[in-house]
Amino acid sequence: MEKALTTIKMPMKKIEAIIKPFKLTDVREALLELGIQGMTVCEVKGFGRQKGHTEIYRGSEYTVDFLPKTKLEIIVTNEQVEPAIETIIKAARTGKIGDGKIFISNVEDAVRIRTEERSDKAI
Amino acid sequence: MKSARVKTLLAGVFLQAVTQGVLFAQTTPAMSQLQAAPPNAPAAATALTVVPADNAWILISSALVLMMTAPGLILFYGGLVRGKNVLGTMMHSLILMAMVSVLWMVFGYSMSFGDGNAFIGNPMQYWMLNGVGGVPNGDYAPTIPHQSFMLFQMMFAIITPALISGAIAERMKFKAFLLFTFLWMVVVYFPICHMVWGKGGLMNYALGGKIPVLDFAGGTVVHISSGISALVCAFVLGKRMGYPREPMPPHNVVYSLIGTGLLWVGWFGFNAGSALNAGKLATSTFAATHFSAVGAALSWTFIEWLSKGKPSVLGAASGMVAGLATITPASGFVTVPMAFCIGLTGGVVCYYAVTKVKARFAYDDSLDVFGVHCVGSVVGMLLLGLAANAGVNEAIASVSIDGHKLSCVGSIAQFVAQFKGVLITLAWSALASMVILKIVQASVGLRVEEDEESLGLDLSQHGESAYND
Amino acid sequence: MKSARVKTLLAGVFLQAVTQGVLFAQTTPAMSQLQAAPPNAPAAATALTVVPADNAWILISSALVLMMTAPGLILFYGGLVRGKNVLGTMMHSLILMAMVSVLWMVFGYSMSFGDGNAFIGNPMQYWMLNGVGGVPNGDYAPTIPHQSFMLFQMMFAIITPALISGAIAERMKFKAFLLFTFLWMVVVYFPICHMVWGKGGLMNYALGGKIPVLDFAGGTVVHISSGISALVCAFVLGKRMGYPREPMPPHNVVYSLIGTGLLWVGWFGFNAGSALNAGKLATSTFAATHFSAVGAALSWTFIEWLSKGKPSVLGAASGMVAGLATITPASGFVTVPMAFCIGLTGGVVCYYAVTKVKARFAYDDSLDVFGVHCVGSVVGMLLLGLAANAGVNEAIASVSIDGHKLSCVGSIAQFVAQFKGVLITLAWSALASMVILKIVQASVGLRVEEDEESLGLDLSQHGESAYND
Amino acid sequence: MKSARVKTLLAGVFLQAVTQGVLFAQTTPAMSQLQAAPPNAPAAATALTVVPADNAWILISSALVLMMTAPGLILFYGGLVRGKNVLGTMMHSLILMAMVSVLWMVFGYSMSFGDGNAFIGNPMQYWMLNGVGGVPNGDYAPTIPHQSFMLFQMMFAIITPALISGAIAERMKFKAFLLFTFLWMVVVYFPICHMVWGKGGLMNYALGGKIPVLDFAGGTVVHISSGISALVCAFVLGKRMGYPREPMPPHNVVYSLIGTGLLWVGWFGFNAGSALNAGKLATSTFAATHFSAVGAALSWTFIEWLSKGKPSVLGAASGMVAGLATITPASGFVTVPMAFCIGLTGGVVCYYAVTKVKARFAYDDSLDVFGVHCVGSVVGMLLLGLAANAGVNEAIASVSIDGHKLSCVGSIAQFVAQFKGVLITLAWSALASMVILKIVQASVGLRVEEDEESLGLDLSQHGESAYND
Amino acid sequence: MEKALTTIKMPMKKIEAIIKPFKLTDVREALLELGIQGMTVCEVKGFGRQKGHTEIYRGSEYTVDFLPKTKLEIIVTNEQVEPAIETIIKAARTGKIGDGKIFISNVEDAVRIRTEERSDKAI
Amino acid sequence: MEKALTTIKMPMKKIEAIIKPFKLTDVREALLELGIQGMTVCEVKGFGRQKGHTEIYRGSEYTVDFLPKTKLEIIVTNEQVEPAIETIIKAARTGKIGDGKIFISNVEDAVRIRTEERSDKAI
């Protein structure tokens, strides 16, 4: 097993996309059309160039710097990476500041818990 | 700079308060004499005495009806919207508790219950509630202080425009909402209230009206007027961004269920308080109210179970509210089994109004004000025409309209009278709402900007968010 | 297809409604005459008049007791379950508001308060509430409309099975719950209610019973009957999946605390309303209710503080409810310091029932219906046997049972009588519940599927989720 | 070991309960005779009879005032704190419902309303509420059972220290809170209550006092006493860790809005119930209460809109509560337009107190008890001095102080009297609170550890968390 | 420092496991037995082959595609990877669709904030 | 494009810091001073050497092992890694157990959705 892990030549990538929450449905549908059938989503708070806002409670003003964002994690095969990135950009873009980022990194292996399938068969 | 101006303003208000205070203090003996024999009271009015039991009942009923607005309705509505709009939605009702009360004090009560013509009361008669004191008004409620009657009626005036706010939820400018409801009270509520319940009102069978319309606790005045106006609002404002493609499920159904419970309990004050005394009519109204809610809860639940495969909890709650709205006009005139049947019918009809009719005509009456309140009360008004029962309320056995004696007991003739009452209310409210909306649109604008809508009303209109960690 | 059938059904209901409406309208004069001298009224009953103050008090008390169910109990229970079951849990109580009311209207009131034998009233006497109108029923409440008495008692009939729902939370099929509560009302509630409070009931010391059991506001009828049935349910249904290994903490303790506040306030209507008038007995009952809640809140809080190291807020709230359940049967018969002591005792005993007894016998009475309501009210019933005080309620100084005069004032003899009342209620309720559960299990099945249970009742039974973003 | 001791203790309590039960049962005839002619009753008192309507009104008002504490205040306060402190915050009020009631029963009512000197009542006179029964106390409320009066007043005694808890939120030891409120009731509440409302109290113009202070429903007794003590607490305890650098927004504004609605509704019982009967004074008090809330809601909302650019929903709600606190002392003495002006003023002044004054002096009165309750009621007390109106409440036209007849109608003289009343309350409450805090600090300590504070009170003090999945 | 970072030959892996929420206790206990003493957990929503459900609110039907899942992140040394994977599979498996996935990737370095310890001493 | 991706020699790192929630403001401000202008934050639950606590509901005791933590994800260029780590340690440290961890891993690429800028220009 240990061996199996090292001999696989990193066939998959992890795409992490931080987008505006109300774009989630659009992005999901666009990825589905592309043939990507799985993803994991997390509510996060983002800090960046996009300005926050001020809230006032009984005269005390609070600057809220963190804005609600949605983070998608999608594990894809190498070939799917660029099409997926393009799709996400198209679906998530409003052209306004704060549209978000996409980060790409390596994944060494994947396992489907139900079947113990490995690697790209697992995703 | 701004705050300087405010300070001047406030200083003025304060000064006025103090002077008025002295003024009132000095004139009081005179005023209280005045109350003892108000110009508009019949000679015999001096004999009217307050019955403490009736007064206790009306005061507690008034409190219950205010409770219907807050926390009842604010929870019912607040739970149904998305979390980013919950405060804005609740604010709609909360601010009306203040704004409508002021209108009511200044001229609203007088426009509604003052003497006048068939359509409107004299706004000066009870200007600033002058003359509305401890002595009963024999025309309206001979055993409680006139002031108690005024308070009880005020609570109705508050909740009516608050109901409309469900149709415009999640997208209307706060300023526009204020202007709209201000105009709506003056042009729709006060006149219709006068027509139906005011002395000499067109449809007030008991006090000199021309059309013998029965409306015990506000089917026309409260639910139809607000419900049809809500529909007009939904059409004029247009749909929420993303509706219906994007799912907009209630952000907290628990809130709506708490609201339902409080509405049901408060409705006992609303309907049974409308008996204006604590006698057996209050009891039978209480009973009719309860059993209609029961009937509609069951019919809505089971029809949904049959057609969608599951009985939803929000469905049961919606049925309850529908049953309460349906029985409102009829509550003081029908037997318990009849109230139950009216409720059953109301539940079914409202269910279809909310699911099929709304889908068919594709309007975004966000919280179903039209489908529940207007449709429900129309059902109640019409069935009442057939079911009004002198055994429950002997006052309807023989009424005099235009010098003729006639009976308002259930019959085809009474059905027709009810139908007229419904039509007048629908037509007047819809037309006036349309005009008012155009005025508001032209002046301050109706909808928030797209950015503001997607950010939510809480942040964009009020600078707050409901939930923080 | 399905909906076609529904439409036919509804058309039938509607037609019936209209015909009944006309029918009732025509027969009303006769009916109201009937009410003036119902066949079952003693000759002197025609002299009974409604006292508006008492009627106002009973109407508001009725509203308060309904408020105990919703939003009181739905919040108390809803907060204690996990978030995926909150709507299903609230629905249990909500649907009973509708279902029990219908049973009550059709034959339940008559089975409970109609004339009959020692065990059950005649279900036809007040069939469809016929004859339950504005004239007081001298046997039960001579100063309020018979209808007011019926309404007040109905609110008790609603909350009792709702209490049971706490024991079967998070795992019972909705269909099974409906069938179970339907049968339970008929076989357990109506009979026990008749036995304790109905005319001629076995344990009704005031109206011809054989055992002089004191139960002012429903220790046996409401809390013991439901609490012991809840225990039987817990045993028959079995534990929730994962219990007790997996933690199942309350998903929102705030809801439960709101519920506690509303229950306490509503309980004033429950207990002090049971005086059936607004005199000094209502006051002393109100006081006893309050001070028992106080006593149990303190004893539960401090015993937990001592034994667990921290005074929990849910503990204080549980103590309050325990104190209220404990004093219910005794509330109209004991002094304030005595009520306080009864509360102190109730708090301690219920604390041990909920912590030690439940752990020892390893049943999953999910929201502690048995440990709080049954155990509490047993304590209250028994202590009442020692503490009943004719200075508080002079009616018990001398009662006649089987032609013998005797006193119900606190004594060993009265303790024994109370004990008998408790035993009869426990035995009948437990036995009947067991049989009913077997019937339900054999017909529609009791529990949801494992998948449905792990998904939660909200989605699996009702197709909704309480919280959405 | 510990639990063994507890068991002994409880066994003792139980035994005592039973013996007392028997004791009370035996002595009852004598006791009820005693009540019929209590030693402290004037000879004519035997003629006092209970008016059921008034009793119904006071009982329901008592229930409403308890509802103000729970679930009203617990929601209002609970929503304003952070989620990790919500249960601890709610517990403050809940435990007082129990603790204060016990004090009230044992000696508190007697210290407040017993005969005594100008400063304090005799704690033994109504020890254990002995002698407080069904016969009215002619001095205080001639038409309701003495016990009803006691219950109504108890609800005030409960909510007053509960108000203070808003100033010490999120950082006080639970033990310290218990000790503080215990001492505060004895040293501050009971004496001030006696001075203002007790027979022979220093400021009780109607029953032999020396300073003719008007305070209808507790401006001094409830709001000023608690509000100034809250300020002292805020100073002595110091700020919450991280305040004001770290944002501490309300964790759930919806809760606070529900609380606001319930407070408003409950306040009708608080103020209008203080009429102690269901006549026209109850009505005019009800009206004044409503219109002051209205006025302050508007002035707070609009001043915030002007100065901050947005009308916040929490601002509107704060205005409502400020208006209600402001009108409390004046509610039974002023006309509706005057009440509205008083409310307008209260809203503005409280707005500045909460925003500017708090910022200027940099104390952490966490939930603004001082800025809303104390400041509001001071405004109300003083304006009342100018605005008191014999047309609304004829009792103030001519009162006798020290054998001199004088009028309490609005005037400079009355303003000065009000001013004195305010000063005495402020001085006594502040001084006593300071001393009490020092004692608590020296004995059990005031604040939780830093770790506990950052973990939150719910976990550190009560071992619970409000929200679990 | 920069040097230290590059000379360490990736001695650690990050295991990301997406599981059914009610399996969390089992998985945690199983990992603890294995000697893994730390992990970080996040509530996420997952989209995959497992079907969602339909919700109805007043006649409006919503398809809920995202299902609640729990994501575990565990940093382990190379030797712990395979045993950890096996343990997770065993504890999290129900055999039904939607059991979840495990993804493995490289971690370059770790730091314990309290002590500034680095690399595998930090985990 | 595929080429572009492979020719870039991993110029960025991902810093994942798990810290005590009440330290978030401090850490954010410190990083901002350092010139780091973006980050994404997620509420997580952590399990580690720090003891949990016991909760009691009506006599049932629950041991809560998972403690609330905050996870920061910051994508930085290689040169920013060490200063960022030092800054986080300084700002997040209380010296008590449970202060948290920092994990560093490679990121292959980054994209700014709004502008489609890539690599370190995107962050």
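Order of writing sets the chain letters: A, B, C, D, E and F. Residues in each chain are counted from 1.
Just so we're on the same page, a contact is a pair of C-beta atoms (placed from the backbone, for glycine too) under 8 Å apart; a residue touches a chain by one contact, two chains touch by 3 or more.
A quick note: this is a predicted structure, and the numbers were derived from the prediction, not measured.
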Going by the touch criterion stated earlier, list every chain that contacts chain B and also contacts chain E. A, C
Same vs different contact residues, chain A with chain E, by half of numbers used: different
Please determine the option from D-F, B-E or C-E whose contacts repeat those of A-D, over half of the contact pairs being identical by residue number. B-E
Looking at C-E and C-F, which one has the bigger number of contacting C-beta pairs? C-F
Approximately how many whole Å separate the CA-defined centres of chain A and chain B? 49
CA centre of chain E versus CA centre of chain F: separation in Å? 16
Roughly how far is chain D from chain E, going centre to centre by Cα mean, in whole Å? 53
Where chain F touches two or more other chains simultaneously, the residues are 42-43, 55-57, 105-106
In chain C, the residues touching two or more other chains are 51-53, 56, 60, 249-250, 252, 258, 308, 310, 312, 314, 463-465, 469
Pairwise, the chains that touch are A-B, A-D, A-E, A-F, B-C, B-D, B-E, C-D, C-E, C-F, D-F, E-F
Within their complex, chain E touches chain B through residues 55-60, 62
Name, in rising order, each residue of chain D that touches chain F in their complex. 242, 246, 454, 459, 463-465
Complex contacts: residues of chain B adjacent to chain D: 2-3, 6, 10, 13-14, 16-18, 20-22, 24-25, 27-29, 31-32, 50-53, 55-56, 59-60, 62-63, 66-67, 69-72, 74-75, 78, 86-88, 90-91, 94-95, 97-99, 101-102, 105, 128-129, 133-134, 144-145, 147-148, 150-151, 154, 174, 252, 255, 258, 458, 461-469
Using the touch rule from the top, collect the residues of chain B that touch chain E in their complex. 244, 247-250, 308, 310, 312, 314-315, 318, 354-356, 358-359, 368
Residue positions on chain E within touch of chain C in the complex are 22, 25, 53-57, 64
